[in-house]
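Sharing a structure with you now.
Letters A, B, C and D name the chains as they come in the text, with residue numbers starting at 1 for each one.
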Amino acid sequence: MTEYIIKNGCVVDPTQGINSQKMDICIKDGKFVDKVSGAAKVIDASGKLVMAAGVDIHSHVAGPKVDMGRLFRPEDKLFRSPMRGKNTRMEMGFSVPSTTKTGYDYARLGFSFVMEAAMPPLEAAHVHEEIRDTPIIDEGAMPVLANNWFLLEYFKNGEIENAGAYASWILNATRGFALKCVNPGGTEAWGWGLNCITIHDKVPYFDITPAEIVAGLMETNEYLRLPHSVHVHANNLGNPGNYTTTLDTLKLAEGFAPNNDFGREQVMHHTHIQFHCYGGESFKSDSFESKSKEVMDYVNSRKKLTVDIGQVTLDETTTMTADGPFEYHLTHMNHLKWSNVDVELETAAGIVPFVYDPATFIAGAQWAIGLEIALFAKDKDRCFVTTDHPNAGPFWRYPRIYKWLLSAKARNDVIENQLKYGGKVIDRTYIGELADKEITLYELAQMTRSGVAKALGLKDMYGSLKTGLAANVAVYDIDPANLPSDPEQYEKAFGSCFAFFKDGILAVEDHEIVNYSMPKKTVWVNSIVPENKQVKRDIRDKFLHSYTIALDNYAVFDEHVHNPYAIKVDITS
Amino acid sequence: MNALHLNMVTQRAVEEGEAMEAGKTTQKYFDVCTVIEMNADDIKAMEIPPNAIVKVTSECGEVIVKAIIARQTCPRGLCHMRQSVWANQVVPPRTQSTGEPQYSGFPVTVEPALDARIVPAVELVQKACNKWNGKLLWPM
Amino acid sequence: MSTVTVTLKKQPELYFEADLITPDQFAGKSAEEIGAVEISEGKIKYPLSTVATIGGAPGVTAAETMIVLNGDWSRVKRIGQQMTAGEIVINSNTDMYTGGWMKGGKITVNGDVDSFTGIAMAGGELMVNGKAENHVGCAYRGDWRGMTGGVLRVTGSAGNDIGTFMRGGTIIIEGDVFIHVLTHGEGGTIIIKGNVEGRVGGQAVKGAVYVFGTIKYMMPGYKYVDNVEAEIDGEKAVFAHYIGDLGERHPTSKNQIVFANLYLKK
Amino acid sequence: MSEVIKNVACPYCGACCDDLVVTVENGKILEVQNACVIGTEIYHHASREGRVGSPRMRQPDGTYKDITYDEAIDYTARMLIKAKKPLIYGFGSTNCEGQAAAGRVAEEAGAVLDNCASICHGSSFLAIFDTGYPSCTLGEVKNRADVVIYWGSNAAHAHPRHMSRYGVFPRGFFTNKGHRGRKVITVDPRYTDTARCSDIFLQVKQGHDYDLFDAFRMVMRGYVDDVPEIVAGIPKEKILEVCDIIKMGRYVHIFFGMGLCHSDGRNHNVDIAINLVRDINEITKCTIMAMRGHYNIAGPGVVWSWQFGFPYCIDLSKGSHAHMNPGETSSVDLANRGEVDAFINIGTDAGAHFPIRSFEKLGSRVPMVTIDPSVNMAATVSDVHIPVAIVGVETGGICYRMDNVPIQYRAVVPPYNGILTDEELFNRILNRMLELKTEGIECDGKWEYAKPLPSLIPVKIEPEA
């Protein structure tokens, strides 16, 4: 097989404590090796930055609501799609890219693994179809479970073993990766047009609270010894004053300890926490305020928590979430079109286009809060860069976020020149306090590579350049020894990597996609639990009486899972 | 006997669906689709017996079918043809720039044509496409 | 103003798409460069010079450039798309999207136009001395930002969907219109000199429609409030004033609900 | 030995009933249980004598001659390359794997890619583009809905088991009284068999649903006094009665059908329905769903949205990007306007279901290939007819139910005579196109079209005997 040597690059790899050292990276048979023969193809990386390929912990890239976001926004394509390249397929869409554009753009950013953030179990086959058609990147998908009738009933009765047996069955049936929690209880309430705002609001009929659901999921997760922790999108997203709900939710983690063989240290990952750090009583500039400091002070003090930021990029985008009532709320604010799918017994989803208009105070404040979270984070291995793609902005804007984090100048430029109410934003947030703060490339690598992989329980697969791991590595036009004075260079360099290897295969060469047909993995967790007759009976019963499809047609057939890579977790032995 | 000016809708019927799956060249498809469903009083007003053969003419074509009392009641002034080769002889192709032809809600004239021949589907389509060679290659 | 005359010599088997025939594209170009401007038919792109003869010369800027199209352009789409300045005169019928997404300048069509004329128009003047088909001055599919500015006049009749999702500007149809006028409108003015079949102002949030002829089927959501006298497009008349669509959401301004207004000549 | 296969999903309508029990023996279907009459017919058709077992080419005398798959694929590949703007239309009875493969072919061919929604729920797509789609899966209706409205939809005929499985009769988790706990309302100009099963029937004046929706919205927004005495043929008191039922409902669901999409106003009849749903949600929970026709007609919308960002009417001829605008890039308009120069009719029958005035412009003028298991009207005028395996009978795959839930289909018998699946066929067409392109075959812009093969010159009409 082909050998490569990436020569003379400046390497940053937090997993080995390598911080901007000039060294060569060798690739053979798809893996990092210590040395290669003289026949190896040379990639000259002198004056360039070499990092492990990026890892995305939370991005809506495949599945029914993503696709509805594409389907119902033709205007997202009009005059807003790039022209087809020479060796690539068409790439359509601005905020919700087509599957080809998704794969290509992640490769251009130098990413090797992306976690689809919400997979409705009933529609898992759809997610896997899209994964098949997304080139280059490896993907996993998290089944959404915090409004699942089985689990609501088991948690209500305190039956964690049954919950575990069911969750394990779902992971296997959907080829899922982790337990996703979206607006616990609130989405089930949405089945009746209602919501759960605090963690103590009762879910109609099921008579359980969001707090009990989140705690139940954490207990189940650790019982199953899964690679990733529970992945939480808390109640009350996007509302002024919601930071108390966020803190209440985070505090639920205190009773639990991580239990796994994957090196994961957190018991809860709270996603797109920017949307959950709001104070005040309305969106008006005399009331709304940032509570990022209050939330991050707590996160910084607890090793058992990780977060991602959900950074607003100030674009016209498409919001989509399993938080059905939130999207209904949003469509009433901007009066734009609204799609919704309530999924029987399981979850829901809503989709609304949204314009984060820098001419409004609130978009500016949201923009500031996301950056504050990243800058306040003490342990960059526990705080990750995301846009909750495409909710706060499209993922291909990551390089712009890196720019804002790496360069105070770039950030201040937005406040002074792009935001209409920059002054008010400074008044109502902490962004002014952080005016000089900048992160380093090493910290960026933690926030986009090593930390993410560790939190997902995938540190032995991604986010590292260690010998023996799959050769997923990106080379950027940035010289750490001579950092650019113009911050725009960061955005340009990180947006179009110089070279990118996926599993040792050169996907991007000299900034161009040169190969997109290499095999790509669907990473899932094969959870094995003791046989549980009760749960089997319950499943049969629900399919007989409540579901509209047959039990035998529910689990994704083997032939519909593309190049599966199972991580086996057996708690019976 | 009189001609009538009616408003036409063309939609699915379970008889048509079943026959279609059996095959569009079958006698079954021919039998269930070569009908226009009308209000009994409209048929009376035409002074023809039920199941008489009529000619249906629209802005863009004509077709010979049987006039029957609607299986699913049409109010007076409204008539229905089961979506099929025969209905589509008279459906106006105009789409209001949406892509969808005027399948429902277009004016037709229905007049008695007691001796006219109801033409098989293949013959209608092949003739329209200039590919009819005078004999049915798919006998019903 | 400097004039380029383009005479179409070869008819397409299918349709031509001529989105590059605009003063913006022609300005400052040599005759040879204009001849190299691409016009496409399906998958194939032809240099303009292979299907048309080109005379005259453009100005330095779009604003100084006038394009006169002679010959038969009835199977050519997208003339004047996204133009910002200058002028186009089409001495022929044209096909779809004439003046689509135009931001400025002027287009005169001495003939009929097909559908999607002036789609999502934002400024300038579009004059059709003939009739139009459907979706005149409408939005692109899915966009809530329809026509936002400019003046679009059709001297003949038009079909359905006039000013769908309109937010600004003026549309004048001097002949009759079929159905759907200002549907989903959030601003702008539509003047119809002829008769309308129905569905005027359905789901409209804001905006104004003047109808000089009759409306066969009035939307139930419109409510008569008073008579007003006004001079509209040079014609003085008394109109019955309706507000609506009562079935649609409406913003409030100074504690008053803002409706769409329908004026029907008495 | 006969074999009984359970939980088989039915390849007829958008209800995708997946509880069929099929008994087979030696590759023949003996019995089908649980299916409606139409679904049963599909399975029996698969085993019937006289099926087409090989690709066939039209001869000068109008008869057909068997050809090999290689020949049929070569003809199709050349046609796609040579044509300036080929149209690939259909996919009403194709699985998603086939639709995805067709997407790759269409992109390589620079074709217009369209599906049956174009003449069916295309208007619903236009409405969804403009107003969104507050919907749910069918289980939500079954488990929660206590007010169900069929508007312009004749489920009893078009989706025979819909009312028993989802809409009217089933006992669900919160609806354990079944139909006795549900109010069913039908709105239609005809007193249909669906109306017969309903508690309330509103006989709307044909073509005036839009006005009636407006009146409903006025009531929901509190303008009761301003509602005219009669709207679209319905007395005000009846409108108010129905609105009261809706407002008192715990969970209201609207199913709508072709009555809205096929009449004047098209998409606006649907977008005002969607806006009514938004209004009702201010009062009580309400969702809406299009009664999609074929079992996988939701499929191409889903698949092509992830491939190209658009569900239908996708013009790929520009090569650089996809363009969609129904009214221009929709099959019927393309046919009416003479805007395509080759036609593939796949998994549908444009010959029977297009207005003949549209279809004749394709059938008499451009080279045409039909890909379908059976002889249909389009096949009788095609230059080449390529049979493929019947999805859900001879091959499995993923299909999307009317609520966009993926249903995994099963094969119950092997393909008749070893015929190819849609996916295999399209993959081979793609490979052949790539081969031909490397051989230098291209769309060269010569004014004459890629010459039809000598044997395919249209048959002259003889005067009727």
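Rule of thumb we're sticking to: a contact is a pair of C-beta atoms (placed from the backbone, for glycine too) under 8 Å apart; a residue touches a chain by one contact, two chains touch by 3 or more.
Please read all numbers here as calculations on a predicted model, not as lab measurements.
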Centrality ranking, top chain (CA atoms only): D
Of B-C and A-C, whichever chain pair has more C-beta contact pairs: A-C
Chain B and chain C, separation of their C-alpha mean positions in angstrom: 39
Distance from the mean Cα position of chain C to that of chain A, given in whole angstrom: 44
Approximate Å spacing (C-alpha centroids) for the pair chain C, chain D: 33
Averaged-CA centre spacing for the pair chain D and chain B, given as whole angstrom: 22
Per-residue multi-chain contacts in chain A, two or more chains: 72-76, 337
Junction residues of chain C - those touching two or more other chains: 115-116, 134-135, 140-142, 144, 160, 249
Residues of chain B touching at least two other chains: 96-97
Touching chain combinations (by label order): A-C, A-D, B-C, B-D, C-D
Touching residues (chain side chain A, partner chain D) in the complex: 62, 64, 66-68, 70-77, 81-84, 89-90, 92-93, 96, 98-100, 122-126, 129-130, 133, 149, 191-193, 205, 328, 331, 337-345, 348, 351-352, 545-553, 556-557, 559-560
Chain A to chain C touching residues, read off their complex: 72-76, 78-79, 335-337
Chain D to chain B touching residues, read off their complex: 12-13, 36-38, 41-42, 45, 61-64, 118-120, 122-123, 126, 154, 156-158, 160, 189-193, 195, 203, 206-207, 258-259, 261-267, 293, 313, 326-328, 330-333, 335-336, 349, 351-360, 363-364, 374-377, 380-381, 458-459, 461-462, 464-465
Chain C partner contacts - residues on chain B that touch it in the complex: 96-97
Contact footprint of chain A on chain C as seen in their complex: 101, 140-144, 249
